[in-house]
Structure formats: structure tokens, C-alpha cells
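Quick notes on the structure that follows.
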Amino acid sequence: MLRIAAQRVVQGVIVLVLVSAITFLLVNLAPGGPSSLMRMDATPEQREALTRRLGLDQPVPVRYLQWFSGALRGDLGISLSSNEPVAFRIAQRLPNTLLLAGTALVVSILVGIPLGVVAALRRNSLPDFVVAIVSVMGVSVPAFWLGIILILAFSVSLRLLPSSGIAGTGNEGDLVDRLQHLVLPALVLSTTVLPYVVRFTRSALLDVLHQDYVRTATAKGLSHVRVVYGHALRNALVPVVSIVGTLVPRLVGGSVVTEAVFGWPGMGRLAVEAANGRDYPLIVGITVIVAAVVVSSSLVVDLAYSWLDPRIRLT
Amino acid sequence: MTIPIAADPTMNPWHPNAFLESIFVNRVLFDSLTRPGKDLTPAPDLAVSWESASDGLSWTFKLKDNAKWSDGQAITADDVLFTFNDIVLKKELGATGAGNFAAVKSVEAISPTSVKFNLVRPFSALPSYLAYNAGILPKHAFQGQADPWAFTAFNKGMPISSGPFKVESYTSGQSVVLARNDAYFGGKPYLDKVVFKVVPDSNTQIAQALSGELSIMIMDNKAAVDRVKSAAQVRVEPRELVQYYWLSLNQTDPRFQDVRVRQAFDYAIDRQAIVTTIEKGYGKPANSAIVPAFKAYFDPSHDSQYAFNADKAKQLLSDAGWQAGPDGVLQKAGQPFQFTMDVGQRGVLQPTNELIQQNLKAVGIQADLNSMEWNAYIQKVVVSRDYTATVNWWVYPNDPDVFPYFHSSTAGKGFNIPGFKDPQLDDLLTRVQTETDLTKRKQAVTELQTFMADNLPYIFLWYPQEIDVINANLQGVPDINLRDNMHYVVEWWLKK
Amino acid sequence: MSYPRADPFWARLLRNPVSVGSLSVLVLVHVLVFVGPLGWRVSPQQTSPLQALLPPGSGHPLGTDDLGRDELSRLLYGGQVTLLVGFAAMLTAIVLGLLVGATAGFYSGWPDTLLMRLTDTMTAPAFFLIVTAILVLGSSPLTLIAVIGGTSWMQVARVIYGETLRFKAQDFVLAAEALGARRAAILARHVLPQTIPSVVVSATLGVGFAVLAESAVSYLGLGIQAPTPSWGNMLQNAQQYVWTSPALAIFPGVVITLVVLAYNFLGDGLRDALDPRVGA
């Protein structure tokens, strides 16, 4: 297990390097430049001066190598749009996204697995149908639409919940205030992954319930509860674990829109700002950090996968 | 008292990244030599009086003698010299707005409270330009900083400021909180705090204005104005702006060099309908670059020129040699009148272009739309000038000197986007720029407006108004646009 | 052990009322969207500023939009664009996901490693790749199909990978190997068919996801560009009118939700109909 983990770490590093190179080269292909140059009211002299100061007059491979040698030393460069170190900007925002995505993940698992179990056990009856509608609604409604409707309902009409931000100004230490700000965005973000948890729990449990060893256990006289929870569910959790692995990138993607609608100061919004402003070092920095998160989460998931089902040998 | 901004500000008015949202914060934090008066003419700020030399080649400003920085140090001529000689005029720094001061050669100190701007050519608009995002920076704070743009403790942290409020805390992605500067030399502000809250989504801004989380905001998107007007907890106030929307027809394209064609475009486009539909009536059609807000200069006699008239447009096009083709598109010498309009995705440009496209179609001109992300659009249209026609707008300082946008010398790489060249126009622009006698200047501006209306270097579209949504508790807010209003935050107060 | 199926899958599908309902809805929507404009011959692009934001009435069954264009016509033409993009993007994602996931799961060794690491690689920069690709290639439907399909195959690949790993370890595969069958043949004939239910589920969720992705991309301003309507850009444009004319957002929002729901329910029904073990 340890040898495999070490191998995967090495592979992960290679992945990160590849990702950084591909992203760096590709985003520099995009037309336009950093926002400080791309303004209606910037003079040609200004553009020239800034191009030189930001090092943009050098060829792309040279700039990548400069970035790379810095990255090896742990320096991810300076953000073009704020002059602060890229690592600093990411460190400001990453915890907020982890909070939001983590909460959404936990909510979708805590709600989704029981819903999936209910749907599987009461298959094709009313509860199954209701669960299907509820969970699928979340992934059928465009997130930004859902977001603005919730804001209109809960913030404007009912005045129950705040409509944006992570905490009220001046209340940054207040836990209740922070929770209030977390509710709507976490809810919206969790709807984007809830259906997957429900659906796969349901189908995985159904698969397992029809396997011979389950029928054997039932025939042997084991109670229904022990069969389901003691044997079936553990095996059914295997594909669900793999689903959790796929949820992480989905949450990362979903956070872009959710954070934009709710003004959540996280990585998703940072990514949008960086892309719009062609903040090349920040873009590459975000990509590398997110890739690191995804690679490590997939490593954890794969290791858990092989632990749960001893028949699966990871190569 | 909370104001929304779309993203994190940079707290240095000259920083290359300090545009859009930063403008609001910087105008509160940093006093400048002059500030926009409530009638838009330059009013005293750090400078109490000013006068131009008789040859017009220099301006002398007398400074306040009791002005202080937030750390207690005195604001002197040294700070003005540092700001201009070491920052603005240093071309390699690429400071924002440096182009506005291209006519300034150097700034020298006559005494600790008197500075002289030496010019390369007469520049009557200098006092107005000094009120336009031209805050003075503290020299002592920047001592030892090799790169003023990398001084993030100042630019993205706790700057030493001169305004009625100073930075108390800055939380990236969330807010900048300013606290009252009790020692402000311009009088004590009423408000305790000014909070700039980061709210990027415009619908969320409206929701927060209605729920009371925001005290004052600009309604960029006027679609919701009726709903907001009916809310008792806010008031909606229109404001005059120094802004006009235009359609630029690239003068390198021979089709657009005929003034009859340009006039036809103006008649064909129903500009009043655009104002009614897209600006919800907050604005009026424009026929020159001089805005109605310049009460002393604006000439209303051109107001009804080019009222929507598709038949007149067709007539002019026909006079210019365009005949109807088989598919309804006009033709000349076998070539159809077809071209692509580049559309930048910002503000109201998209729906404006869609309406214009349909207006042009009705007179036989086929304009295809190419919608582009803003950054890419600037690269293509402004930097490379690789375009045929495009709609955009200009915002400029509170002075009728519009030389940079129209002079033949600024075609190609400068702000003369259509590349229009005419010696008569050049002469008028130079007169407006250099004339110091007020009566003669007014005369020149009047002639300028007539020339612009008759010759259409740009197709002028409309002058927009700004809509401010203000919480009923916020009082003492002068009737000027929000950016200029930032200079008057010291007068605002909150009803309990 | 598997039980013989009594009747073909389409008969079983049609016995499920939810599936029948979804199928009907989808057929109805597709017919309306693709055939409707032949009957309702109103231009989706003709603006009429004086008739902006009209409620449903004579001449405009669904009212007009913010520039006075007929909403029904825009909904129909917009549907054509959105559905075509959605379907094609899903197909792209499925094909890519199957190829990568099955190959990686079945052939252990360096192809496995390479392909799964590739899958991981693609996930992180997906947002920037989408933005860059659209900026460079323009916002045409083809670009969107490539971009949405090209960034959503990872989930399919991971699931197929997991399923392939699971089935690879099962006895019937070991038996086939012992009998001398070629690896590729085993993959194609024994393992892949076991994954069909997952593929079907992924495919139908994939269409729904692609339709939603189209609207998310439009929210960021990169989707199908106006004046060409698409459900995504209609929904995006309607955001600013949610205060005064919410109907503008309701029409595209409802059809998107309806279509995605129907695809999802149909997928569920198909999965149940294809599952050889149902009925026990």
C-alpha cells in the first residue's frame, strides 16, 4: 500500500508539471492581455511601459521557464492584477472554497445516502419516485437561476438570510453570522452533486441486493437489517466511494457559478477574475493548486476503494 | 454606510490596476489639488486657488497650509512634486491616467505651499484634469520603495491617506472598511464608517439595496428601476454624467468616408428608442461630444438633428450611390453594403448592437454582429484597430477639451478610434485646448459642436444618465454622479 | 448467475409510467422545437423596441423580450441550438469517457496509470481550458460541443474505470481468460456490456449536464452569442429582468428544467429496463 501511495505521489507531481505547462501555454494563446493594459483609456505609451514591466515582451516558453524555476523554489509568482504573491492570494481564498465545497459535500452525502437507501429499498413505489424528483430537480435547474430565486425569497422578501459574502462586515468572528452566510450557497452547491450520490447509492445497493450472497444470507435467516446494513451496504459503498472521487471536481466546477452569484470570496471567483483579467501567473497558480487538491483526493479515494473491496488490486 | 464595489480595489490612484472599482475608494482616501465642483467646474481641494501664466505655458497652484496626512505629517509641495515628477511623468512606470498629463513637462515647488506646473503647450483644462482621479500621494510613505507598484502594504493594505476617512481594515474579496479621520483638515465628517463591500453580481446589489445592506449604489442595469422606485426604503435619483455612447465607422473603409453615408447611419438608427428601451428613458440622443452636463458650454440647438427617419437615411444612401440589391441589401459597383460590427461584452453594448443591427437592416445595410469577450475585444479593436464598425463610449474629465478623441494626430494608436482627420476640426480642438479667455473658449466649443453634428467623426448615439439608488436614511448627498460624489463624503450623514 | 429476461427492454420500459411520461415530454419538446418553426413563422431576431417586455397576448403567445422580439419563436429556435449542442456534447463525452475509462481499467500497467492520471490532469484546469478554448476558437456551437464534451468525459471515465476494475476481478472474466479468449475480446464482449447500465445512466445525465453547462457558460458570457437565441443565453439575459418581468426567466428556465428532468427520468427507466436482474 505504501509503495503504491509513493508511486502515485510521484505520478501526481508529474501531473502537476504537465498541467502547469499546458495551462500556461494555452492561456497565453488567448487573445487579449492583462486588464491593466486592455483598457479603452490606456495610452500606447502606457501599454508599452506595462508590457515591459510585466515581462510580457518575452517569448512564452521563456516566461514559462522563469515561472517554473520560481515554482521549484515555492514561489508561484506575482499576481498581475494585484501585485501580491500568487500563493498569498490563493491562500486567502482557498479556505473559503474548501469550507463551501466541504459543507456541500457533507450535506449531499448525509442527505443523499439515506435517500438512496430509501429509494432502493422501496423501489418503484412512491418514496422512490419522490426521492428521484427531489434529487434530480437539483441537477435540472441552472445553478445561477436557483441562486437568484433563493436570494429573492430568503434575502429580499423574507429577510431571513444574507444574500452575499462570507460574513457581515465587522462580524467576522461571529459563528452564527458565518453559518447564516453559508446556508444558501452551500445549499445551491450541494444540489449540483446530490443527485449523483442518491442515484449511485440506489443503483449500487440494488446491484448488491440481488447478488447471491445476499439471498444466501437472507435464506440463512439473518435479519433484513443485518443483511442490508451489515453486508450489502458495505459493498454498495464501493462505487459510491468512487463517486465521491468524481464529486470533488464537480464541486470545484460548480463553485465557480455559486461563488459568483453569492459573492463568496473563494477560488471559483478568483478563477473568473483571473481569466477575465488574463492574470497569467494567478491562472497557472490556481490550476496547479486545484490539480493538487484533485490529485490528492483521487489518491485517497483509490486507496479507500481498494481497502473496501479486497478483490480490487490497485496496479 | 455601505457602498458596493465589484472587486478588490487598489488603494493608489495612479497604480496600473487602479481603475473601475478603485476609483471610488481612492477618491475618498486621497485628496487631490482640485475636486469636481457641484456644477462640475473645478473646486478647491488641496489647492485653494490657481492661475495660469499669461503665455499659458504654466499653471501655479496655492496649497492649503493646514493639510495633513493621516499619520500627522503635513501635506506639502514635496508631495505634489513626488506624485507628478516621480510617478506620473515617469513614462516607464505606466501610471494610470498619465496620458491625461502629457502636456505637463515638470512640476516645481515655488514654496512649501505653492507649486508650478510647467507645460509644453497651453492646457486650459489642467485644473479639471487634476480633479479626475489625480490624488496626491505621500512622499514620505514611498521613501525607499524601489517599485511603487509593488508596495502592497500601501496599495493593498493600510495606505497613509489624506481624506476624511482612512483605512481601518481590508479583507480581500469582502470589504474595505474606512473609519472617520477625526483630524481631517476639511472639517469633521458626520459618518463613523464608510464600508466598501465587494458584491460582484448586479442582481445581488439590487437585492442588498432593497434589504438595506447597501446605502448607496449605481444601478448599472436599469431594467429593475420601476421595481426599485416603488420601494419605500430607497429613493432613486438620476445624475448627469460626462459620458456619451458612439458608433465608430472606421475611416479606412472608403464606404464610410462619405459624410452622407455617416449621416444616413445617424438617421437610420432610432436612438431615442435605444434610450427608452435600454436606458429606460434615462438619457437623450447625442449629436456631439460635449455633454449636457457642461451647462456653460452645451449647445442645445443640435438636439433634434438626426431624429429617427429611415426614409431620409435611404435617400442619403441613394445619393451616395447605393442601390437596392436583389436580396434587399444595398449595393454599389457590385459590392453589397455588408460588414461586421465587433461587440464588446460589457454594459448595454450587446442589446444596443442588436437594435442597431435591425435598424440598419431596415434601410438595406447588413451588419453582422461579432460578440467578443471584453479583453479580447480591446485587443482587436483598440490595440490593433482591426475593425470595421463598433459601438462603445467615452467617459472623460469635466472639461470640454476633447482633443485626444478627435485630433488627427491621435488617429491610429491614440483615442481617435475612427481615425477621422480634418484640418478644420483640428483647429477647433486646438483652440478649445489652449484658449484661456472664457468667452473665446465658449465660442470655440460652440463651433466645435456644430462641426461635430454636421460631419459626424463618430456617429454620436446618446448621453446616458446614471441612476443612483439611495437608502432613505442617507442624507446630505449632493446631486452629482457617484464618482464625483466621493469627494463629498464628508458632508453625508445618516438619519437614525 | 443471471436470469433470463422475459421480454425485450423496450416493453419493460414502456411499463414504467414515469419513463413513458418522460419519453412523451421529450418527444413533444423535440418535435415542437425542430418542426414548430415551420408552423410558427415569426422571426426570432426582429426587434421592436416599442413592444418590449409585453405579456402574452395577441400575436405573441408568450409575450416579447426586452427588445420586443417574439419570445415563443426565440424559445423554439433557442431550443434547436441548445438541444443539438447538448446531445452532441454528451456523445463526445461518452465516447471519450468509455475509451479512456475502459482501457485504463482493463489493461493494467502503464496504460492504466497514464490514462487515469490524464483524467486527473484534465479536471483541474477545466475552467480555464473552457474559457481559453472559447476565446481562441470563438463561441460557435461546434466549439461549445467540443469544450463541454471535452471537459465532462472525466466523470464517465472514472465510473467506467471503477466498473471495469470490478468486473475484471469477477469469476467469469477469469474463466474466459482461462479458456484462452483474447483480452480485447473479453473487454468488448464480456466486461463492457456489464457497464452498459452505467453508460446509459451517464449518457442521460450527460445530456442534462450538457444543457446545464451551456447555460452556465452563457452565464459567464461565453456561450452562444446573441442575437442567436439559446435557452442558456435567454436565461442569462433574463436575469436583469427578474425584478420586473420574471416571465422572461421563467420560460427558458422551465423548459431547461423540464427537458433535463425528462432525460434524467428516462435514464432511470432505461437503466431499470436494461438491468437483467430486475424482477427478482
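As written, the chain order gives the labels A, B and C, with residue 1 at the start of each chain.
Here, contacts are C-beta pairs under 8 Å (C-beta built on N, C-alpha and C of every residue); 3 or more make two chains touch, one makes a residue touch a chain.
Just so we're clear, the structure is a prediction, and the values are computed from it rather than from any experiment.
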| item | value |
| --- | --- |
| Central chain of the complex, centres being mean CA coordinates | A |
| Pair sharing more residue contacts (C-beta pairs) when A-C is set against B-C | A-C |
| Interchain centroid distance [CA atoms averaged], subunit A/subunit B, Å | 40 |
| Euclidean distance of C-alpha centroids - subunit A vs subunit C, Å | 20 |
| Separation of subunit B from subunit C, taking each centre as the mean of its C-alpha atoms, in whole Å | 45 |
| Junction residues of subunit C - those touching two or more other chains | 135, 239, 242 |
| Sites on subunit B at which at least two other chains make contact | 203, 373, 376 |
| Sequence positions of subunit A contacting 2 or more other chains | 30-32, 148, 152, 260 |
| Subunit C-facing residues of subunit B, complex | 202-203, 206, 221, 223-224, 226-228, 270, 273-274, 276-277, 345, 350-351, 354-355, 357-358, 369, 371, 373, 376 |
| Complex interface listing, subunit C residues touching subunit A | 1, 16, 18, 108-109, 112-113, 116-117, 120-121, 123-129, 131-133, 135-136, 154-155, 158-159, 162-163, 165-166, 169, 197, 201, 205, 208-209, 212, 215-216, 219-220, 232, 235-236, 239, 242, 249, 253, 256-257, 260-261, 264-265, 268, 271-272, 275, 277, 280 |
| Subunit B-facing residues of subunit C, complex | 45-47, 49-50, 52, 66-68, 135, 139, 221-222, 225-227, 239-244 |
| Contact set on subunit B toward subunit A in their complex | 2, 7-8, 10, 15-17, 19, 91-99, 102, 149-150, 152, 155-156, 171-175, 177, 195, 197-201, 203-204, 207-208, 210-211, 213, 373-380, 382-383, 392, 394-395, 413-415 |
| Subunit C partner contacts - residues on subunit A that touch it in the complex | 11-12, 14-15, 18-19, 22-23, 26-27, 29-32, 124, 129, 132-133, 136-137, 139-145, 148, 152, 195-196, 199, 203, 206-207, 210, 212, 238-239, 242-243, 245-246, 249-250, 252-253, 256-257, 260, 271-272, 275, 283, 286-288, 290-291, 293-295, 298, 305, 309, 311-313, 315 |
